[in-house]
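Some structures are shown below for you to check.
Across the two complexes that follow, chain A remains constant while its partner is chain B and subsequently chain C.
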Partner chain A sequence: MKDNVISETDVMSNKIKIAARNVQVYYGDNHAIKDVSVDILDKTVTAFIGPSGCGKSTFLRCINRMNDTIAISSVQGDILIDGEDIYDSKVDPVQLRAKVGMVFQKPNPFPKSIYDNVAYGPRIHGLARNKTDLDEIVERALKRAAIWNEVKDRLLAPGTGLSGGQQQRLCIARAIATEPEVLLMDEPCSALDPIATAQVEELIDELRQDYSVVIVTHSMQQAARVSQKTAFFHLGHLVEYGETDKIFTSPEDPRTESYITGRIG
Partner chain B sequence: MTDVPDHTKPQRSLLQQDAHTTKRNRAEKRFKTYGIIAIAIGLLMLAILLVTIIGRGSGAFQQTFLTLDVQLLEAKLDKKGDRNIEDIKKVSTFGYAPLMSAALETKVAALGIQTELKPKAMADILSKDAAAQLRDFVLANPDLIGTSVEFKFLTNSRVDGYMKERVTRESIANDKNINAAQLDLVDALHAAGALNKQFNLSFITGADASDARPEAAGMGVAMIGSLFMMLVVLILALPIGVAASIYLEEFAPKNLLTDIIEVNISNLAAVPSIVFGILGLAVFINYMHLPNSAPLVGGLVLTLMTLPTIIISTRASLKSVPPSIRDAALGVGASKMQSVFHHVLPLAAPGILTGTIIGLAQALGETAPLLLIGMVGFIASNPPDSIASGLLAPNSAMPAQIYEWAKRADPAFYERAWGGIIILLVFLVTMNAIAVLLRRRFERRW
Partner chain C sequence: MRNFLNVAPTTLLVLVLLALTVVAFGIVRSRAMAAASGDSRKLHSLPNYYGYNAALFTAIPSLFVLVVWLLIQPVVIQNAVIEMIPQSAVDQGSSVNLVMSDVTRVANGLDAAVQAGSINPDRARNLSSSDTDVRALLAESGVALGSDVSPEVLAAAQRYRSMQGTGRLLMFAIVSTIALAGLVFAFRVTTEKFRARNMVERFLLSMLIAAASLAILTTVGIVLSMLFETINFFKLHPWQDFFLGTTWAPNFRGDSELSILPLLWGTLYISIIALLVAVPIGLFAAIYLSEYANSKVRAFAKPLLEILAGIPTIVYGLFALLTVGPFLVNLFGRGENGILGVDWMSGATSVLTAGLVMGIMLIPFVSSLSDDIINAVPQSLRDGSFGLGATHSETIRQVVLPAALPGIVGAVLLAASRAIGETMIVVLGAGAIARISANPLEAMTTITTRIVSQLTGDTDFASPETLVAFALGLTLFVLTLGLNVLALYIVRKYREQYE
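Up next is the complex of A and B:
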C-alpha cells in the first residue's frame, strides 16, 4: 500500500485547526453521531473512512453547519475552529461557510459561465474591489485547482459543459476562491473516473500547503494515498483516529482492522 | 480446436415462441391499440370542435355592406354653414336618415332596378346603426359636408342572414323585419355589385350593440375589459404567488401549520370559480363598495382564482431545481436569500412564467365569477379613454360577452357568439404557445 502513496506522510503541522468535543448529532430520533471528539490539524489532509451510513458525511457537514439546512437535525457538543465555538449563537453560519469551504460528492457547478462560477463567492463576500481584482482571484483559484490551462480560453463557456473531472476541479476552484481556511470534501471523487480521480487527488495534496483539508472517502486506497491522518467511523462512533500509516498498517481496534481488510463494511 | 465448432443442442429453441411469450406479446399489442384508439378519439373530438367553431363562427367576421354615394347636404347637416362642430353635433341620427334613403333611391334608379317599395321601406334594408355610422363619419370629417362621398353601410341583420343563407324566403313568412320585395331589391343590388359581403373589422374592434342591431355588435370593448382584468391579475397574482411560494418552499419551517397551509392551497385550486365570484360580490362590492361590473373587481376575483395555480406551479418549479445547486451556493457562503435569488429563482423562472401564463389563460376564459359581480350585461360603451376608467368603468369580458350574445334571441347574435369564441380561442392558443416557447427557450438541463 505504501507504493501508492503520493504524498509525504509526515504531518507538517501540529497546530489544531478544528477541535470537536463530545459531538452528538440527531436526525429526529436517529442518533447519527455518538460522542465524537477529534482534533483536526492545520495544513494536513485528514481522511474520514468507514462503511456507508457510519456518520462520516454527517460529521463533515457539522463542521460548516450545512446540517442547519436539514430541519430535523440537531447538534450537541462543541466544535471549535481556531478555538471559537462555531455553534455559538453569535456565529452566523454564512460567515462560517466563507471560512470553511466545501466540495460536494457530485460536481455541482452553477449553470453559469466558468468565470461566474468561480467569481460568485468573491462577489458576494466583497473580496474584489474591481474587475481586475476579480479577474486575478478567478485566475489564481483556477490555477490552484489545476484547471486553468484547460479552461483559460473559454472562461465564458458554461461550467456545466465541462467533463465530470473538470467540473469537480471547477467546484474546488470555486470553493478556494473565497480564501477559506478549511476545505471539506465529501467523497469528491466518487463520481469521477480513475484519471480524473488521480488529478483531483494530486490537487488535494497541493492544497495541503495552505489549508486544512478534510476528506470523506469510501476508497481506502484513496485515504491511504492522500491523507496524513485518518479517522475511522463505525455506526456513529469514532472508532480510531491517528496517523494514516498506522491506521492502515497496525490498527489498534479490531473493528478498524476488519474494515480495512474488507471483512466489514 | 476444430474449425467447425460443435454446437450443443438447445433445450428450448429461441426460434420458436413459447405460449407464454406469445400471450405477453399479444397483450402488449392490444394495449398499444387501445392507446392509439384513445388518442384517435381525442383527436377526432378536437377536429369536430374546431370544425364546428370555425364553421359557425367564421361568418361573424364577414358582414354585408351596401355601398352608396351619399350627398352630405349642407342644408341638412350644417345650416349655419360655418362648420362649427357643436352645431353639427346637434343634428341627430334622424337628420341623417333622409340622406341615406335619398342616396339609396338614387342608386336604385341609377342601376335601373324596378321595385314597388317606397323609399322608407327600401332604406329598411340598411342597419339601424347605419345612420349613426354616417354621423360619426361626418363628425370626424366635417370638411366633407356639402360633397358627395362613397360610404359603405352595414345592412340589416336579416339581409346579412339572407346573404349568408341563414335567412330564406320561406323563413321570412312571419318576419315583420323584412319582406319578399325587400329581398328582391337585395338580390338586384347584389347582382349589380353594390351589395357585398366583406371582412368586418368592427366585429373585432367595436362595442356590443343592442338587440335590434346585431350586425353592429363587436368584441373590442369586451376585449379591453379582459385586458384590464388580466393586467390586474398579472400585477397582483404574480408577485404575491411567487413570494408566497418562495417563502413556503425555501424558508418556512416544515410543521403542522405549513402543512395545513399547503393542503389548503391545493384545495383552493379545486374550489369552483363561482365561489370566488360570490366571495368577490360579498367582499369587494358589498363590503368594500368597489364599483359594480368593473374590470378592477373582475381582476381581483380572478386573482384569487389564479393564485393557487401560480403558487402550485411555482412551488413545483422551485422543487425541480436540484438541491445540489442550493448546497453549492450555501457552501461558498451565500446566505439563504442569496442562494434563492441568485441561483434557484433564475433556474425556476421558465417554469414560473409558464405557470403564470397558463393561469392567466385560465382566468381569461373564466365566466362564472363574472356573472356574480355583474360583468355580464349589455354594455355598449365606447372603449375607455383612460386607465382609471378602464379599471373602474363598467365593462364586460370576452367570455361574458360570448355568453351574453348566446342568450339573445336573434340568430344573428348566435353567429357572433361563435365568432367571439374564435377570438377567445386565438388568444388562449397564443398564450399557451408563448408558454411552450418560453419553456423550450429557457429550459435548462443538467
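Up next is the complex of A and C:
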C-alpha cells in the first residue's frame, strides 16, 4: 500500500487547486450533497470513495458543472478553482469544461477515427494554428496517455475498434488534449479488465506530475494504490478527508472504519 | 332441415365443428381426470390442457380442410363444366368465360328459385329448355338473364348444380370425419402420463408459424401475379419501347407508345422535391424534440406531429388541389395580377404542388424515425463531448448526428420509397400529362397515377394499354423494394457501432 504514496510533506507543499465551501446539491427534492467543504490540491491524486449513491460522482460532476446538463439539479455553495468561483454568472460552463477535463466510467470514444477523437477538443477550442500544430497536439496527448505506440500506425482507424483499456486511455488522451488543469475521473476502471486497469492506474500516477487529478472509485485498493488524498462520502456527507495512508490505516470516524473494513457499503 | 342445409351448409358445418370442439374439450378433460382417478396432481399437465389439446385436434385440422375445400371446389367444378360447353355455343365476339358466367348465373338462379319455392326441386332438376322458358321462369324469382338460355348452357348449369350439391355433401362428410377422427385421437392418447401441456405448446407454435408463412406467401403471390401479367404485357408490347422510349401516349388504335421513362421522371422529380421539403424540416424537428425540448414540450409536440401521419393521403390531395395549387398559381402565374407579376404557371396542378404537399406528408415520417435514431445515440457520447467543453449544437453537429447518420440515411430512404409509391396526392396535385421536363411549375404525371388511370373505366384485360399497369406496378415494386432493402442494410450495418 505504501509503494506509490509520496510523503505527507510533499503533498502539503502543493497549493490548493479546488476549494469547495458548503456545497449543497439537489436533484428535484432529493438532497444529494449535504454541506460539503473540501480543499483539493494541485499535482495530487485525490480519491473519492464511498458506498453507491453516496454522492461522490455527483460532487465530481459539480467541479466541471456537468450537472448543468441535468435540468432538475441545482447547486448551492461555492466551488473555487484557483480562487475563481466557477458558479459565478461570468463563468462560461462550456469554457470551464475545457479547463476541467473529465473521463467517464465507460469508455466513450466518438464514432470517429482515433485522430479525430483526440483532435476534437483542440478543434472546437481553436488550440491549433495549423495542421502540423494539430498533429503535434494529438501526438503529445496520445503519448501522455501512454497509447501512442499502440495506435501510431492506425490513427485513421475508428476509435470504437480499440480494446476497452485502449479506448479508456484514448478517452484520457482526448481529455488532456485540451490542456486541462484538472482531470476528473468517474470510476475510470470499472469497465476494464485487471491488466487494462493496471495500465490506466499507472497512467494516472504519471498524470499527477502536471494535473490535479480527482478520481471516483468503488475499489478501495485502487484508491489506496493511486491516490495521495482520500475523501470518504456517506449519504451525501463528506465524512472524512485526509492522507490516503491515514484514512486506510487509522481513520478517525467510525463510519469510515466500518466502510473500509467492509461493514457498510 | 333440408332447406336449412341449402341456405348455409358452410355455416352449419362450422357450427357443428364448434359443437364438436366443445364436446371434445369436455369429454377428454373428464377422461384425463378419470385416468388420474380424480386427483389432478397425478396428471402430467393441468386437466384443462387435455381439454385444450382435444379441442385443438378437433377444430384446427378440420377447419383447415374446410377452408382449402372452399377455395378449391369452385375451381374444380368450373373446369369440369367448362368442358361441356361446345365451341359452337360460344357466340361470335364472345368468349368461353362469358358463357361460363351465364352458366353460373342460371345455376344460382335455379337454386334461388327452388329456395323461394317458385319451382320444386325435382322440376328444377329435369328442366329442359325446349318446353320451358327458363329466362321467364327465373325472372319471376328475381334472377335477370341477358339472353334466352340455350340447351347447352342449361345442361351445363344442371351439371354445375349437381356437382355443387355433391361437393357440399362430400365436404360435410369429410370435414366432420376429420373432426371426429381428431377427437378420437385426442381421446385415445389421453392418459395420466400424456404430456398435453407440451402438445398444446407445439400446436400453438405451429399455428403461429402458419400465420407468419401466410403473410409471406401472400407477398409472393402478389409478386407472382404481377410478374405473369407483366410477361403477358411484354408479349404484346416491345420491352425496348417500355424501358427506353420517351413518350407515353396510350390509345386504343393499337399503336400506343407506352414508355415508363416520362412517368419515372415525374415520379422521381416529385419525390425529390418532397424529400427536399421533408428531410430538413423533419430532421430539425427531430433534433429539437430529442435534444432541446423538455419532457413537457415533447409529450405535447410529438403526438401532435404524428397526427400529420394519420391524415389520409386523399385529404392531402385535396389540400394540394384546393389550397397549395391555387396559391402557387397566384404566386408564379397570372401575369400582372399575380403576386410576383410573372406568368410561369398556368394550372394548379404541377410538380411543385404535389412535391410540396407530399413533403408535408413525409415530415412526421422523417422526424419520428430520426427522433428514435437520435435518441438511440448513447448519452455517454454527449457527456464525453460536453466534458470536453463543446456546446450543445457542436455536440449535435459533430458527435450526435455523425453517430446517427446511417440511421437517418435509412429513414430518408424509407421516406423516399413512400414518396415514390404515393398515389392520391399526385393524382390530385400533379396533373396527368406525361412529359420529361425540368420545369417544376408544369404538370407531370407519375407511375402510380398512370396505373390508376389505365385500370379504371372500361378495360379489356388483354390489351397492352391495360396490362402495362402491371409492368408499371412491378417496376415500382422493384424500385421501392430496392430502396427499402438498402435502407435496412444501412441501418443494420451501422447500428452495432452504438453497442
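We take it that the second predicted complex is superposed on the first by the 253 of 265 C-alpha atoms of A that agree within 3 Å, B and C clash if a C-alpha of one lies under 4 Å from a C-alpha of the other, contacts with A are read in each partner's own complex, and residues count from 1 in each chain.
Operating definition for what follows: contacts are C-beta pairs under 8 Å (C-beta built on N, C-alpha and C of every residue); 3 or more make two chains touch, one makes a residue touch a chain.
None of the values given here were measured: they were computed from a predicted structure.
*Asks:* With the two complexes overlaid on their shared chain, look at chain A and say whether chain B and chain C clash or fit.
*Replies:* Once chain A is superposed (C-alpha atoms), there is a clash between chain B and chain C.
*Asks:* Can A:T178 be said to touch chain B (first), chain C (second), both, or neither?
*Replies:* both
*Asks:* After lining up the shared chain so the two structures overlap, which partner does A:Y120 touch, if you call chain B first and chain C second: first, second, both or neither?
*Replies:* both
*Asks:* Tell me the contact category for A:Q209 with respect to chain B and chain C: first, second, both or neither.
*Replies:* neither
*Asks:* With the two complexes superposed on chain A, say which partner A:F110 touches: chain B (first), chain C (second), both, or neither.
*Replies:* both
*Asks:* Looking at the overlay, does A:M102 come into contact with chain B only (first), chain C only (second), both, or neither?
*Replies:* After superposing on A, A:M102 lies in contact with both chain B and chain C.
*Asks:* With the two complexes overlaid, spot the stretch of chain B among 9-17, 81-89, 117-125 or 351-359 whose C-alpha atoms clash with chain C.
*Replies:* Only 351-359 shows clashing C-alpha atoms.
*Asks:* So which bits of chain A does chain B touch that chain C touches too?
*Replies:* 64, 66, 69, 71, 94-95, 97-98, 101-104, 106, 108-111, 120-121, 124-125, 160, 171, 174-175, 178
*Asks:* Which bits of chain A are touching chain B when the two form their complex?
*Replies:* These residues of chain A touch chain B: 64, 66, 69, 71, 94-95, 97-98, 101-104, 106, 108-111, 120-121, 124-125, 160, 171, 174-175, 177-178.
*Asks:* How about chain A: which of its residues touch chain C in the complex?
*Replies:* So the residues of chain A in touch with chain C come to 64, 66, 69, 71, 94-99, 101-104, 106, 108-112, 120-121, 124-125, 160, 171, 174-175, 178.
*Asks:* Along chain C, where are the residues that touch chain A in the complex?
*Replies:* 294, 378, 380-391, 394, 398-399, 402-403, 497
*Asks:* Using the touch definition up top, name the residues of chain B that touch chain A in the complex.
*Replies:* 253-254, 322, 324-335, 338, 342-343, 347, 444, 446
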